[in-house]
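Residue numbering begins at 1 within each chain, and the chains themselves are lettered A, B and C in the order written.
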């Protein structure tokens, strides 16, 4: 598997898109820090970017890479290599190269700005951890969609729809159901609904850092327990981990049963 | 060498193989023939483990292949459509496959034989179809394995390369290897194949020497004999 | 002439009195062994020098002008019996005592030091622990409470008292005290012209500082941290609040400052940092907010009920989850030339003022007011889209509520 990972990774590292992605983050980091000179604001803007863009990029790259490397995959399938290794290797190759672009692209400007002497280091590392999780999760989801759809256009469409659903539509439905059922106690429901969407989950994780003052304004006991103690952080991270593992597991499962 | 029993495979609604039995002995060149969509490639892919059968068992080297992958170490495969990761250079591709298989290889003389030297540092995306096929052949033949599976090896080859390919196949045969080949070029099949396996409607319609086939169809020409099967079956199905 | 000579005689008398004032030492091995007996034998304007030691006394009544000076913090242990010191005379000074174990009662407000109907008192360098009420000023004017430390261990509001309480007292200065772990750090009721400076009031159950029906007071440079709520100003007029820091007042009903039925106040140069609500305003009019910093609060300002002609100018609103929240569609308040970190406009003419007005009230804050659980959707893309559309054409939020001249750079 490590060999496949290595080749996928190198393959992507050479592709133009990895550089575009990397340069985008690099530029974003520099603009936010050096033109604005406001670290706290930079962290907030970055959060918005990471929550929306990282899943989108992960999805598109994942699907694109899967379909583009179909030949590579077929070549590998005839080799004495375990099937799961092939797909896990490719998946991790994509996810790692995207993560690397993200971490380096944002890390370099922050390093140059002297972030390690600033107290937002924790917020910033949390952003990077969340970004990494989101990359892993959405690349895995993209691979899942691609492996289940032979048709490239269809697969691409489903992947973008999946992103759109999780990034926007889900929250819309979520909000609507909260308003419709506002007479009922909703804190358990709203936390559960948050857990079921990796984007909301990551957002919550960052909210715990950025907006804890506002979150503690709500009276519900479940909220208080979740946001007021470390349990929120721990549960969110565990859930993100599950969100990473489940699509990966399904990818392995599907890959063992698919015809090429 | 290869035992196939009661093989069924359906792609959505399309029943490709329905109860196929096949036994291929060690040594010799076997041509798998059949009309378009008769399941030749599917059969090969099932043997390679790329397609998973709905029913039936396949054993290679005497062992069932279900959920196994190590046996592919002993198989060399030349895929039908030579598509490679486009970002890679030829040299890197060869190095990569060697790295993945961890077997001794003799790519040098094959590269020489097909005149691929000038292309070694070119990206695969920039190569012509024929050159790609040559790379494909190099990749398939550079390892020493007892079983060779060639899916349409002649596609896009110029006459000179074709001759070299035939020589290569013969050489391998002399080493006592088993070679499975599919092709639409009957002349090529006639030239190289010891035995043919004719697939029809998901089953083996005929398995035997070319001479036996001509006898059976009472044709003197191999190409005609094959065509005769096709027409005959259409007639029977019509009737 | 007669008057002058009379004054002269009076002055001489006074100076003789003070010059003849003597110091009485109180300690376990002295001839005077208890504070009470010290007070008994002392004449007016004497000093009781209380030496280091533990004095188990309570209900100490000071009924003549005396100075109680502690030497190396002698401990007065009330053994939870009730009130410890009561000042019922003008010109009393209490300095350098360590008072513990005030009795708790549900019927009377026992205090460590109570001043009753007295003037010109000075209470300084006193440390209070295990108390019910700390320093209680009752109808006492023109005094000073300086540099005391009050450390309570209050758990429930109903059986705890206030650190420093002023009731019908005027012209008192409360300066450089540290108050923590009580119900209200400093509590003022019907007390006017009070100056409260440089105090640190933290970890109190209810409010760091609490005004009720008190007018013309000023408080500056105090720090209020992690109280149930920082400062509550209720039913009071003309209060000046300058240069204070309100920090980390977290919780469901927690705010840096609560203004309720307040008129004509001035709120200048304060910092509100990481509070659930920076300022909660109810029914308060004609208040000037200037040069304040609102940093990382849940809600920088929450406006409830009718609030008229308040002016917010030259404030910094930095990284708050919500800048302003309104519960009505009406707005009669002015926002002008503030800096908003959430402002995304531009300044093409480079005059330091954004060319597009800033609308500090988001639709989302309206939704959260209605359905609090929706807070979990904070900063989601969907909410941003909704907020954007509301910004373009306001439907739920007051459409005249905006800062027409948002600053491009922070003020101060």
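Quick notes on this structure:
Quick note on the criterion: a contact is a pair of C-beta atoms (placed from the backbone, for glycine too) under 8 Å apart; a residue touches a chain by one contact, two chains touch by 3 or more.
Note that the structure is a prediction, hence the values are computed from the model and not measured.
Here the chain at the heart of the structure, going by C-alpha means, is A. Here the two chains linked by the largest count of contacting C-beta pairs are A-C. When chain centres are set by their Cα atoms, the one at the greatest distance from chain C is B. We define each chain's centre as the mean of its Cα atoms; on that basis chain B and chain C are separated by 89 Å.
With centres set at the average Cα position, the gap from chain A to chain B is 43 Å. Chain geometry summary: the mean Cα position of chain A and that of chain C are 47 Å apart.
Interface residues of chain C facing chain A in the complex, by the touch rule stated above, are 250-252, 254, 274-277, 296-299, 318-319, 321-322, 341, 367, 370-385. Contact residues on chain A toward chain B in their complex (touch as defined above): 3, 7, 11, 14-15, 68-72, 74-83, 256-260. Listing the residues of chain B that touch chain A in their complex gives 11, 45, 48-52, 67, 69-73, 75, 77, 79, 81, 83-88, 96-97, 99-101. Those residues of chain A that touch chain C in the shared complex are 38, 40-41, 44, 47-48, 51-52, 167-169, 171-172, 174-175, 178-179, 182, 186-187, 189-191, 194, 199-200, 203-204, 206-207, 210-220, 223.
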